[in-house]
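Going by the order they are written in, the chains are A, B, C and D; count residues from 1 in each one.
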Amino acid sequence: MDYGLSPRERAWRDEVQAFIAEHVDERLVDETRLRGNEGRGAEAQRFLGALRQRGWDRIAFPEEYGGLGKTAIEQWLFIDEIETAGAPMLPLTLTSVAPTILRIGDEAQRREWLPRIQAGEVDFALGYSESEAGTDLASLRTRAELDGDQWLVNGHKMWNTMAHMATHNWLAVRTEPDAPKHKGVSMLIVPMDAPGVSVQPIHVWPGLRTNAVFFDNVRVPRANLIGERGLGFYYAAMALNFERLSIGSAGMARRIFDALVREVRVRVVDGRPLRGDPWVRDRLARLRVELDAARLLGLEVAIRLDRGEVPAAASSMAKACVSELAQRVADTGCEILGLDGQLHAEEPSALVKGRLQWLYRLAPMLAFGGGTNEVQRDIIGFMGHGLPRK
Amino acid sequence: MQLEPTLEQAEMRRAVREFCSREVTIERLLDWERSGVGVDEATSRKVAGLGWLGLGLPAEAGGGGASLADVAHLIEECGRGLLPRPLLARMRGALGLAWLAPRSPTLAAVARGERTVALALDERDAREPAGWRTRLAADGCHVSGDKAFVPDAEAADLHLVAIGAPERPRFVLVDRRAPGVSCAALHSFGNEPQAHVSYREAAVLEVLEGGLDFDDWRRHQVALALAEMIGGMDAALAATVGWVKEREQFGQKIALFQAVRHQVADMGTRFTSARHLAWQAISRLASGSLGVTDFHSAAAWTGASFKQICWTAHHLHGGAGFVVEHPLRFHSERAQSLCIRWTPEAPALARIAATLLD
Amino acid sequence: MDYGLSPRERAWRDEVQAFIAEHVDERLVDETRLRGNEGRGAEAQRFLGALRQRGWDRIAFPEEYGGLGKTAIEQWLFIDEIETAGAPMLPLTLTSVAPTILRIGDEAQRREWLPRIQAGEVDFALGYSESEAGTDLASLRTRAELDGDQWLVNGHKMWNTMAHMATHNWLAVRTEPDAPKHKGVSMLIVPMDAPGVSVQPIHVWPGLRTNAVFFDNVRVPRANLIGERGLGFYYAAMALNFERLSIGSAGMARRIFDALVREVRVRVVDGRPLRGDPWVRDRLARLRVELDAARLLGLEVAIRLDRGEVPAAASSMAKACVSELAQRVADTGCEILGLDGQLHAEEPSALVKGRLQWLYRLAPMLAFGGGTNEVQRDIIGFMGHGLPRK
Amino acid sequence: MQLEPTLEQAEMRRAVREFCSREVTIERLLDWERSGVGVDEATSRKVAGLGWLGLGLPAEAGGGGASLADVAHLIEECGRGLLPRPLLARMRGALGLAWLAPRSPTLAAVARGERTVALALDERDAREPAGWRTRLAADGCHVSGDKAFVPDAEAADLHLVAIGAPERPRFVLVDRRAPGVSCAALHSFGNEPQAHVSYREAAVLEVLEGGLDFDDWRRHQVALALAEMIGGMDAALAATVGWVKEREQFGQKIALFQAVRHQVADMGTRFTSARHLAWQAISRLASGSLGVTDFHSAAAWTGASFKQICWTAHHLHGGAGFVVEHPLRFHSERAQSLCIRWTPEAPALARIAATLLD
């Protein structure tokens, strides 16, 4: 066993690092931070353009559709470097929706959507959750009925992040009302400018915006249903599979931790260097151990992907572990910074650019969002250890 | 042991609870947050009119003459009901003045609610008296220095300013509108209006004397924080219990999921132990019978428990508790900011270790 | 609210402390420790005799049956002092079985058993658990059938601690095979010398002995069934209620912690006082905070008993909290003592008399025994917070 | 990265696993425990005969010439299979000698399994070289001092004795049966035969030179502990998964209780992260590419994880896993005793803090 990089991996990582050195600057990092890692600002668009020029927007594509033929471990190295640099991640349109369309769409659908996605003309919001269907996705109620050659969509989606900026919604809808809950769902592409679509902002604690989106007799062409009718629940899971490498990345928590460490190195309180405080030393060391451990859960996901497995248990481990660790980093960090730990990012004198208090407000969402950690632990039990379900 | 509130205390609690449920609505909390000043004039006047700001002030000065325990009951309910933070800062300021200078001529106006006091203790890089650089001029009548993170600094009429000294700190009262006093408002966590304040040869109204020494004074202030935390965590726990009984996922109330149930159980256990530890510290501080580690244990445990309970509360509420219109986030921000200011873990543990080992 | 002692409470505590000063010496503490808190050695018998002389063996009795009329808070103070001193606790015969017989037995049964219990002639083992009925007590299979004027008992009990020394077994048996599981159980007193009773030792990790006890056509008089037929499940719960004050006591963990602190104060490693090590200081301080917090959960139980409530949730809190805390005390303590932390109590040079490694081996039992902590947390949810069961 | 064992490594693992499941039965573990010597002669000879004691010794000395990683695979399986601790101590002793003195004339006999080596490093109140009081006589040929907690001290043929020195420690080899060497057996946790050993002008067989410096040598020993721990926690986890699938309470398999399932999930997560962190440290140590905190993170996390996993395993096994006839307790005792000796948390965290902050 060898945890060192192979020559090929090392060359790839060097290439990524060189790219980052060229294209990631403080303006980009600041924009990304202030927009809450949204990655839709002007600097992010410039960065995405540079990625496109290299063809790296296709890193998650299957090789037969222009993908780069990178192993999952190489993709993990890529994500690790991008996250560590503080640059925006590739949008889910490119890492999750596009690879799904490539696998489940027919030839016409692939020809319809892929070029426009790659040109940056089409950008998706992911419309899964509803008020009564959070982690329990199969309970969704937004329905689409076939009316001639069009789907008639009615209902609403919650936590539809980016819907106010996206061109289209990648929507899980109930098309077979009489089928068992998880067999009645399909995936439908709905243009955000279609008549009957309305967007209401939802503002959440960490200062991020998400949306409630309402569909009132919205009509979309029949061909916008991607893949087979009734298999949407599985397609959503497939789309999720393509996200797994980034969902459980410890990169953001590590980046904020590293910035905290840099601050602690120079800060003086009550005439004493903060780094001399035994409590501070102990807590930072323990967090570093936990971050080192959490990072390698991401490697486990990559290893399993490269073996051709669906890394359900491994990515659930990474997701649950990293989200809970982020909370500890934030909490300890706020306390280490003391009264300064309260300052918002907008405050010019905020230490560590206010990241600790922001992470303190963000972390709960990491744990309950994207499938609560309770469900992640159930998955680890069922899929990772073969525990019985019934 | 007498572990129930007295009838008067219970009545006070009921009144505060009723006031907060009527006056401190989520709509108003959002308005106050947007306004940046944390509370409106009308609500401030109402609270002053109820006598809460002067409750713990000496009767001779026209205050309510209530004990520390009485005041802690009041504050626990204010914490539960999310009474605006500037009002809590004014209660602290009034008590802070009375505890330092029980015969101060200013107390009468404070007791009547005509004047409010902000506590200007910390400096940007110094939280302990030995590090404070704010100094009294040689004439003894002017103060110069910079205080940081002063709650309610802009709105308060008076600042209680701590003066650094190698032996023991001293305290003076300064008019917030006096020449040489200037505030720089801060955008801070917890949506508590705070400011960095600069004093440049600002005139001293009064030198404060005759009350508690600083360590004891600070313990009294921490006791108020403990009470506020207990109220806050009780509210977060109650909201969570209510929510898990109603929210359905996968065709059942989420309380039926054992993992959810057990998280609620752990919240309840922490709350119960923190409540006893906090109130034991408050009651023993009030009666002058603190044990060697009572107070520091209470500080470390109560602060950490409040944060833990808020974290679990958020987790179990999911998205519904995460929108800005949900009160939970106010509790969570207060948890962290109260901890940072009044009950940081490191010094509490260090004092306990010293007691055990040195 | 006042957490100070009232004059009456103070007088009582002073009396208990004076008693302890007179009757607890190092021989008693050593015997109690070496026997695993069993409290059946010669020194323990002497101590129990002194307690009897004061009438303190009846501390848990109802006042109308000769109890001392102590409040639960006063009983809690008593337990706290005894535990802190390292003396043996009162046997369950006196604190759990006797008060139950007083409440559920008829006049003849009370006259039969109470005087003999108080004279020390009768001493019970508690026979609840079976191989397939651990925490799930209602699944017990040991059965008793009425045959004329006698009960015919067949089956076995596991974890029947003290059975090899007790005169009688306080046995939960199934008497109504057709009733719903938890309504078919009764409480039966079985003499250990009855023909057909056999005891097999079970040795467990911390060096303690418990027993499997087998009943092969054992005959006992009809009058040995205490209380009503079929209510045994509730009687067992009642008997448990009388134990609640001691079950969740943090006293033992605190006593071992205090001894550890005393050792750390004087120990020198690598030429440096151990108490100067920041890691040691931090860990001991945190444990002390947790012990202070856990102790007051016992007070909560007492408060509720004094209010006339069944303190089910409160005592579950104390039990779960203290058992898990004991494990942290043990684990941290072993690590603080370093290589010395491995030494068994038998080793004369063992630091802290080998208590840390003993507690490390004992602690898991505290958490799964007496109703697993999972069940305790369920109880807290149901009884403490009114969460739904179905 | 190449994260699968090689074919040879996999074959070695399979062989060890098969050996342990056949030879290391619970009945024998109980016998060995009762005997106080930890292993019987026949089993010792079998293991020596398999060449495992000499696997990592230089080929020139007749050893297997295997890499650190190869040996770690062997040891991981020994940890899983509860190979008697004296045999593991002998593997450590043999490797310890080879790493300090790769050209020692004694190695050949050790590689052949004819002689075994015990490591005599620690003293009762000193774990660091600067504190060791054991000294070489002026003639350079005799050693005097007291070593504490020496594993396998009585049974081993040779003692590798550490000599304290202000600059860097030195090491000598002493015949266990030489005049002046006496052992006092200890009744210790983990049922590992250990002894305090006294050396009084004991003759030195050999001064060890030409190998790793002490810090690096100790890291190599810690790497063996990491591998042993990973094997042990894998076994404890597997036993628990098997048990919760079979055990019924309240009319159902206990794995169907969400709280049980989640504890298993957390064991799995810790195991997965610890396994990677440990093996990353081992493989980077072997290839000379250790990152700044790799090793100390692995030490702190692996040790704590092993103990945590054993604790949860005991909890979920309940009474059935608590009887002396259940192998689980052997893992739990090894977890604590490996932690105490090789991966204590405090120094690991201190080193990480120093790397981050100084």
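Quick note on the criterion: a contact is a pair of C-beta atoms (placed from the backbone, for glycine too) under 8 Å apart; a residue touches a chain by one contact, two chains touch by 3 or more.
Here the structure is a predicted model, which means the values were calculated and not measured.
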Chain at maximum distance from chain A, centres defined as averaged CA atoms: C
Higher-contact pair (C-beta pairs counted), C-D versus B-D: C-D
Whole-Å gap between the CA centroids of chain A and chain B: 38
Rounded Å distance, chain B centre to chain D centre (Cα mean): 53
Sequence positions of chain D contacting 2 or more other chains: 257-259, 262, 349-350
Chain A: positions in contact with at least two other chains: 279, 281-282, 374, 377
Chain B-facing residues of chain D, complex: 257-259, 262
In the complex with chain D, residue positions of chain C that touch it: 129, 132, 134-136, 139, 158-159, 202-205, 267-271, 277, 279-280, 327, 331, 334-335, 338-344, 346-347, 357, 360-361, 363-365, 367-369, 372-374, 377
For the chain C and chain A complex, residues of the former touching the latter: 278-279, 281-282
For the chain B and chain A complex, residues of the former touching the latter: 122, 124-128, 130-131, 148-149, 186-190, 194, 248-251, 257, 259-260, 307, 311, 314-319, 322-324, 329, 332-333, 336-337, 339-341, 344-346, 349-350
For the chain D and chain A complex, residues of the former touching the latter: 1-5, 9, 69, 241, 244-245, 253, 255-256, 258, 261-262, 264-266, 268-269, 272-274, 276-277, 279-280, 282-284, 287, 289, 293-294, 296-298, 300-301, 348-350, 352-353, 356-358
